[in-house]
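Each of the two complexes below includes subunit A, the first together with subunit B, the second together with subunit C.
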Partner chain A sequence: MTLDLRAVLIITAAALVYAALLPARWRGWALFLGSAAAIYLLQPPLAIRFSDFLLPTATLVLATGLWWATRAPGQTFTREDGLALLLLAGVILALSLMRFVDAPYRLTPSRPPDPLMLAAGLLVVGLVLAGGWQVARRLLPAKGLLALLIVLLVAVFIIWKADALAVAVSAAWRGATGQDMSLASMSDLNWLGFSYVAFRLIHLLRDRMSGLLPALTLREHITYVIFFPSFIAGPIDRAERFADDLRALPALAGLDAPRWIEAATRITAGLVKKFVIADGLAQGMALNSVNAAQTDSPLWLWLLLYGYALRLFFDFSGYTDIAIGLGLLFGVRLPENFNRPYLKTSITAFWQSWHITLSNWARFYVFSPLSRWLLMRQPRPSPALIVLTTQTATMLVIGLWHGVTLNFVIWGVWHGLALFVHKQWSDRTRAWYRRLNETPRRKHLWTAATWFVTFHYVVLGWVWFALPDAGQAARVLLRLFGL
Partner chain B sequence: MKHNTWAFAARVVIKAALLFALVNGLFAALRPLDALGRLSLYNIIVPGRERLPYGEDPARAYNLSLNNLPAMLASHVVARPKAEDELRVLLLGDSNTWGWRLQPAETLAGQINAAGLRGADGQRIVAYNLGYPIMSLTKDLLLLDAVMDAQPDLIIWLVTLESFPREKQLFPPIVQNNPERVRDLIARYGLALNAADPRFVTADFWGETLIGQRRAVADWLRLQLYGVSWAATGIDQHIPAEYTPRQSDFEPDASWQDYAEPVLLDGDALAFDVLAAGAARAGDVPLLIINEPMFISSGQNSEIRYNAFYPRWAYDAYRERLAAEAEARGWAYHDWWDAVPPAEFTDSPVHLTPAGSQQVAGMLGELILEMMDG
Partner chain C sequence: MDEASVRADLRAYITRELIRDEGYGLKDDEGIISGGLMDSFALAELGVYVEQAFGVYIPDPDLTVAKMDTLNQIVARVLRG
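Right, the complex of A and B next:
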């Protein structure tokens, strides 16, 4: 199942039951259990035996383990945490019973592993993690341990996102299950939601290191990491804000019209954006590696590129609208991710309005710490060098988040350089820009020109994003200008 | 009015439901698919297609199969207004004419146009590929009937035995999904086909609503959208480099269709009446009927079969019968069954290589010039 019209209708029906019938004090628990089950139901089927069951299980194990690691100083393991742990294991084992259900009626993407083996495996993994934690805690200071966990998480992320490494993992996994290793591919490891889960977990680890993270129960922590409306395509919320919404659920009016109307509006808009506009544009009107190789005319290449840019926006912002709408149905207001990005008149404004939550994440955990570190260095680098380094590094991380490939590196640098140039330009033209306000006509012309340049710079950058091969992307960029 | 109350939401839902019912009811009453089909981006914003839409792999071929005849024709270059200095030649036929495994420029029509032929008065001879890769004369007649508004000056109909069996006439989806048009042809020309054939797709009221016809509407929309990729790439067929060549060696099997052994192939078995209806529909427009070239094997058991399609007895009887019918009815008929060397066939007994297509196009060009000059 994916987040399509059928899934939206099922979730909406569940939201009605949740709002109308469920006792208010159970709402947080319902979201916790619902999210845990949903990540199995949303996971697409995979070729490697049991992998489409084991990867969601790994998400839950990872999230649980890192809750233990990021507990606030002095935070004890309460009865509620114990109940949450038991229920989580119960969800996993209950879903594994789908093994005994015929395929057409099975809720999991394929046949799960044997429940007894799974229970034994979970127990062993739990014991190994607990033992490892005890050993590591003796060897490393608390912050060092959290830093090591970030490094490990980033390493897993890189392995999963780098083609060659992912294929190697896939081949090894196939070998372990006795499947044909020559068929190993990156698509074997389609770990749904992991990109978002990893960045949420890094946020939790980093904020625990800096002492900013509030104490979260296991239930709150898990629900934040895997909240099903935002599990597939974000947004990346902040834990403290999310926890506030969770804690307010018991006091939330179940069927309050303004919230439900807002949610329905967002969901409808999202469905139209995603399944009508974006999927329509995908029918031959958006650039891809095949039609890019087949198109010689610069005019038609531009048209396909515009199609791709619009498709990307409507697809992603449509998903975000659906996620925000579904979140609202359950009483959680997820953050906005888009704010008319293609209408912005500078690259800085674009990045404040495109995938806002990822940009904010990168600002908090890459740009700001790197800036502080460079500012404290002796001798201190020039301000321009600091800006260049931090902005390029930030955009590089955003690029690599999409995939560890040369194309995403170039795309990240493309935007990092643009942000640097824009910063230099705006620093040097402030007085001139203020004077521009005195002549509205010139201001309008300037606004139109800057919109045109910004939009086309972003659109040209999508060439690196749309085409998997850097050589082809470079050739397409030249062909767009008749070269 | 407050926009955040349940009363407001209920009004929105009720109005939306009424609007939805109204639109569906109107759609069922007006049945606007034909009119919608005539609305097309092709020939206005994007270039018209050089052959009719057909395809099972839209993502790679930028093409799709649909049953909306007006939409198919509106997407074709034949929908362009006829130029004053143009002599219009329409080519009807099966996948041989459509150009299976051939680029648009390599098809018969494409190669005729590349030759830059001109009539006696210096008018440009422009050939239009109206082939469709399914074998049925009724399918050809359906297309001919629909395309007569395009003011042809000459119609060339390439046929082969596989298009003639009476029981195959109504099997193409495009025939089954255009029941009113086909029934009209059956009635108009007294065709010996069953107008009440259960394979005709006849929708009830619910099937005629927007919801019932959502697939047809989506196909029309997808045809327009794929126009952009067609315009950008000039590709309308995915042609894999590798293919299984047509069969050269056969089992000692003389069967054809449902006939295990030779039988008399008369007007009951073969739909010559459909061919005659085509000639009648062409009216004053000259019609050339060509028995299209086919692969002739010299492999194992080739004394029994010419190729995978035809045992010798059936094909010989068909040729004889078609020649006799043409003579009796005064049709301009040419039998080119063995005109192309065996090496110029690709994955079926009638699919040509570019060189084979060029050879047939050259022969057609000469005939066209004869007809136009005559």
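Right, the complex of A and C next:
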């Protein structure tokens, strides 16, 4: 199940019940329990036995464990936290009862594991994690422990995203379940939402290290990490902002017209963008490895590339519109992810308006700390070297977040270098650019030229994105220029 | 740290090192980044300077255009500690 029309209608119906019938003080609990159940329902079926039930369970265990690790100093385990933990276990075990339901009526993607075995497994995992935590906190200072958890999270991320490592994990898992190991593949490990969950958890860990994270209850923490409208493809909200919305839910008017109209507009726009425009373009009008291999004409390749660029934008920004609209229905205003990115006149402005929440995440947790670390070094590296290093590293992280492959490395460096060049250029031309305001006609011409260059640099970069084979991508780039 | 000296120190640093025009008459509520006087990359430099000059560590998620665009905002953030 994905966020298609059927899912949107079901969620909208749930939102009506939530707004009209549910006592206002239960809204936060409803989002918590609804999100916990939704991540099982949204998870696609997987080939390895029970994995499509165990991976969402792992998401919940991971989020719960990291709530414990990121509690504020002096924050105690309250009765409310205890209730949240019990209800979470209740949701998992209740969904495992789908094991006894016939396939057509089952809400989970496939037959879940035995509820008793699952309960025993959860208990053992809980005890192991609690024991490991007690040992680790005696061996490491608080910040060191949080840093270690970030490293472990990144390690799991890399294993899951790197083809060879993921296949090895898949083979080992297949071996453990007695399934054919020769069929191991990366698609076995399609852990829905993990890319976004991991980055939210790193934000929580890092902000606890810097003292910026407010105290969150277990319920608030889990709801933030797995909030169902933004679970599959973002946006990556910030916990303190999200918690403010959650805390305001009891006072929210249930059926206020402006919010419902805004939500309906966003959802409708998103459905049209994603399922009409983007899916329409995907029917042979967007670059892919098949039509790239069949097309020799540079003109056709350019058209396919423009088609791909538009498809990507409409697909992702449409999805974001749906997510934001659904969030609004439940009283949560998720952050914007796009701001007319293809109309920007510099690569810097593009990255401030494309997948904004991921760019911000990378700025806060990669670019800024790395820049500060380099700026503090004695002797201080040259400003140009600092900018080159930090921009490239940041864009590499954004590239690798999409997948640990050569193409995403090249795509990251492609954008990192462009940001570096633009920074050097704008540093040297800032005074000249301010004077350009005095001659509007020249400014218009300059704006048109910089838009053209920016747009085409971004579009050419998508070749690495659209074609998984680096050799084919390089050949297509040459063919686009008749080479 | 009194506000007037923090403001004077930051104004001098920003015009000299970040805008690179010491004679520039920076206003208290002028958008330094949104007005194109410096770019958002300079915020990391500003963060390091504030830490070294005033002993105030500003976490990275606070180093944003929305939160640090004017001299008034920057001074208030430094005084908050």
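Definition applied: the second predicted complex is superposed on the first by the 483 of 483 C-alpha atoms of A that agree within 3 Å, B and C clash if a C-alpha of one lies under 4 Å from a C-alpha of the other, contacts with A are read in each partner's own complex, and residues count from 1 in each chain.
We take it that contacts are C-beta pairs under 8 Å (C-beta built on N, C-alpha and C of every residue); 3 or more make two chains touch, one makes a residue touch a chain.
A quick note: this is a predicted structure, and the numbers were derived from the prediction, not measured.
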Subunit B versus subunit C as contact partner of A:A257, first or second or both or neither: first
Partner chain in contact with A:L304 - subunit B first, subunit C second, else both or neither: first
Partner chain in contact with A:G284 - subunit B first, subunit C second, else both or neither: first
Subunit B versus subunit C as contact partner of A:F231, first or second or both or neither: neither
Subunit B versus subunit C as contact partner of A:T295, first or second or both or neither: first
Intersection of subunit A interface sets (partners subunit B, subunit C): none
Interface residues, subunit B side, partner subunit A - complex: 3-6, 8-9, 58-60, 62, 221-222, 225-235
Touch list for subunit A against partner subunit C, complex: 207, 210-212, 238, 348, 352, 360, 363-365, 367-369, 371-372, 375-376, 387, 390, 423, 426-427, 430, 433-434
In the complex, subunit C residues that touch subunit A: 36-37, 39-41, 43-45, 47-48, 51, 57, 59-64
Footprint of subunit B on subunit A - complex, ascending: 255, 257-258, 260-262, 264, 280-281, 283-285, 290-291, 294-295, 297, 300-301, 303-304, 307
